[in-house]
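In the two assemblies presented below, chain A is common to both, partnered first by chain B and then by chain C.
Moving on to the complex of A and B:
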């Protein structure tokens, strides 16, 4: 006997998508199939309150000889969509999937990407109460992925709940506030999705033998919105090496998105062993008040022809050792602001 | 004998028509030999391609460009409508993953069955089966029916099975996108190993990185034809650039539908909003990142003396508000009552993306104030030199001073 899952307890609140992060064979698919009532649990119980749309094992009910339209019609009927609204939903599916004329051709003539677009469009065309999602958003090109994200967000905003099972951590922080890390059939971590990412990634911090951010690096910086700002960082070079440093300021809006707001270039710190102090200046700090993640990267300066930088030390929330940047000041209506000047346009300008 | 794959003027046309019987009737009527343009959907259009030993060919292209159809024909899964395909060596393909696995057999049984199909003896399979199982990382699951496997597990088994039979010509369709990072690393290494033995690998992928890592030649397919053939670096770069500009043009087009100008009250109107990028004096909707941008608003308002304002907002395509500022109309009125505002971003620090620009006249700056008139347009910030290491929201200058 294989015990695929053991002692899993999970509550998905209405209106939330809970993330399940795990590597191959960790038990993700088994869990999703239990939730989708494909399997019954050996022990324990599952209560589901609402109608489930399983996005897992796409095309499970697809006969490749059906056309896209026939497949969609069959799916909608199966999900109990009222006959008088089927036509409108079909139009919506045809539009979203961008299949054009191919919508009326057989699925077996589709490329894998076209089939994926069809299945996603069909499964999400209708506002279901619960979505079970398996890696789905990794399908298709960038443009279509962006559309899938917007669609899932929309469904969430309208009160859908769900479970997203994936090994892609960026998907988890974008869609889920809460996440679990699953490992060998058990939850090894349950908590906020950013902490889950750290627990999942377990990124090896570069061995700080050549250069490092010393222990005296402040864990938090406090800056004022709109003011000229300085972030002073101590850097130690332990062996004679040309060392560069870059910083990034990231906005981590759990469940909504993660985004780099400001990214500096690499600046030279020094070439020889010693203790340095690097001042990063940002004029008229364009950030709205709030909490940001400040990340620091220390690398060897690439020599001619070298394409990748060799990391020497790193502080980042993805490593679980990131710094906090707190921005104070008057609230802004926007996420950031842009430096500008304004003037009246003289009458002679047409 | 050396391996090669040669396609000469190959076309594939799918008959149009939705019913399964349609094709059957056509076939019975002896009407299957449609040439390109005979009223079908042309998936591959008179394509000529020759691949020789040691080549690792990447195929990139948008969804529906004909990549999968091409692979199916090389793999012998479907026949070309016209043209000829000549292949020496045996073709092994990893298409839609897990196809070919028998659900009710265990992983182990599948390996034997597959070996038989590939013409291997039981002892041949015995020799490699432990490696296959180890590579697939299935643990105890190897003796369970394949129907109990997750998608990732099926993918790993299929990949392991195929790459251990020592393929001569290996075709991979998006296979590497399934599975986690560590497995795809292993899979990449395995493919490179196969290539090192002088075999042919054909890879279709949306992952430009894997094409660059694995392939030594790349073609870009569009509308069933090869539009570019060259080094993976050059072709993928050109492809990404073209996809990006096509996408943005399409998005811009779609977004333009929401563009408009509305006056809700007689006496208040925005006549025109124009964007001047760099030294441009005409105005355009394509704005270069890190260059100067001037936004000009022209309008009129009948009570511009009081608390009325022009609110200017910049909203990114995904609804993120990146700029909002109120300008008192009284400060920008000419003697004849005309309102002319110039907002000067020098330089514009917005990251590359598409944005909507709203200009709204309000009686006062309060949030619940009813708009008197509003004007929306879209613009795109582009850059030819994107920053390395990420796609930041802002291209904001950061300087550094170092002391010892």
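Moving on to the complex of A and C:
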């Protein structure tokens, strides 16, 4: 008898989606189905407050001989949607899935992308109180994925709660504030989703034997929006090696998204041992005031023909040792302000 | 009742519709087969025994009397076979549903068994035509037909509850079941009268709920008499007991369905 899960304790607050990160076979899907009361736990207790929509194996209850419309009707009826409101929801599903005429054709004639679109549209058509989501936001093309994200946010804003299990850490950062890492049936980490990502990725920090950012590196930088800015970093080269340095500024808004805002080229630091300073100049800092994460990378300069850079040291939020960049200044309605010049041209007088 | 409420009834109706629809989905005539299949079987038996073999019941003048007697037993039996197979297959056949939806899976064998009701209805219509043809009057006793029908399905659901859960872990029973049902059919007096059976089987038949049900149908439809109340009470009791324990076993086993399905 294999025990898929052990010592699991999880609370999902109303209006939040808690992420569960884990590799294949870690017990993610089992946990999700337990929460969905599809499986019964051998020991322990599960309390659910609200109506559940389980998005486990999309299309699991489908018969490929059904048409899209029949599948949707069947799902809705099964979920207990009243007959008189089914018609309106069906229209909405046809619209969201963008299947057009194919909505009335048999599912077996669909491409996998079309089927995925149908299944997602059907599973999320109705505002449920609780969503249990398994890897789902990897369906369809980019245009459709964006729609999926928008819909999940919408459902969240209207008060839905849920659990998202995935091995895609970017999805966790985009949708969840809290996350757990599951490993061989146990939670190896429970906490904020960025820390969970660090714990999940467990990226090996290079041993700083050749070059490093010394301990005196300030943990936080303060810059002013729109002004010419400079980030000065101390760098120690311990062995005679050609060392390059790069920085990136990333915006990490837990539960909403994560993106790289500024990514520098690799700049040469030095070739011989010694303590250096790396200066990065950014003219008219195009960042809105706020908190960013600042990531630093030291690599050996690649020799001719070498493709990959050998990392020597790094500071990054994905490693759990990133720096903070605070940008101050006047709050602007945009994330990035470009130096536009504008003037008004009066209409020509006839 | 038995741990079900009225929401489950709605779900049961949905599952039943789903069963009927999925079964014939993809065939161009669709649900037409649900009616035409049993009809064809009944017509075949009528032809063979009525026109080829010309079998006559002891003491009866016409061969039609035998055909009516045969169909009144064989018609419900077609429904029984269909219902038991439907129930036994119900959980294994709905693996997508079982793995992805939270619902009372114990409704599956019930919905699976009820598919046999279509066959039963077809049989009765067929029998009605034969009775009209023979000019046999239908008496007041038919008001007890629904009672027997309910008992028939009560018994099938009780057995099906066990079979559906066992089939998840031991698929082999789905292979042996059709053969086993044929054997039971010949041990139950359906093709020949009770009196022409060996004495030992006669005694055993009294404990055979399939026999009690077949006899009840024949009493009502041909004998123009009330069914044997002790027999029906026996079927009701044994079905109730088997269903009670079957449901308990099913509910305990369903937690492990996921590892076997």
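Just so it is clear, the second predicted complex is superposed on the first by the 309 of 350 C-alpha atoms of A that agree within 3 Å, B and C clash if a C-alpha of one lies under 4 Å from a C-alpha of the other, contacts with A are read in each partner's own complex, and residues count from 1 in each chain.
Rule of thumb we're sticking to: a contact is a pair of C-beta atoms (placed from the backbone, for glycine too) under 8 Å apart; a residue touches a chain by one contact, two chains touch by 3 or more.
As the structure is a computational prediction, the values presented were derived from the model and not from experiment.
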| item | value |
| --- | --- |
| Chain B versus chain C as contact partner of A:65, first or second or both or neither | both |
| Touched partner set for A:248, first chain B, second chain C, both or neither | first |
| Touched partner set for A:9, first chain B, second chain C, both or neither | neither |
| Contacts of A:308 with chain B and chain C, given as first, second, both or neither | neither |
| Partner chain in contact with A:43 - chain B first, chain C second, else both or neither | neither |
| Chain touching more of chain A, residue-wise (chain B, chain C) | B |
| Which superposed partner A:80 touches (first chain B, second chain C, both, neither) | second |
| Overlapping contact positions on chain A, where the chain C interface meets the chain B interface | 57, 65 |
| Touching residues (chain side chain B, partner chain A) in the complex | 14, 16-18, 20, 41, 43, 62-69, 96, 137-141, 144, 149-153, 156, 173-174, 177-183, 206, 243, 247, 250-251, 296, 298, 313-314, 318, 320-325, 327, 331-334, 340-346, 348-350, 387, 389-394, 396-404 |
| Residues of chain A touching chain C in the complex | 33, 36-42, 52, 54, 56-57, 60-63, 65-66, 74, 77-78, 80 |
| In the complex, chain C residues that touch chain A | 7, 10-11, 14, 18, 22, 25-26, 96-103, 254-255, 258 |
| Complex contacts: residues of chain A adjacent to chain B | 2, 23-25, 28-30, 57, 65, 67, 69-70, 101-102, 104-106, 109-114, 117, 134-135, 138, 140-144, 146, 150, 167, 245-248, 251, 259-265, 267-270, 274-283, 286, 332-347, 349 |
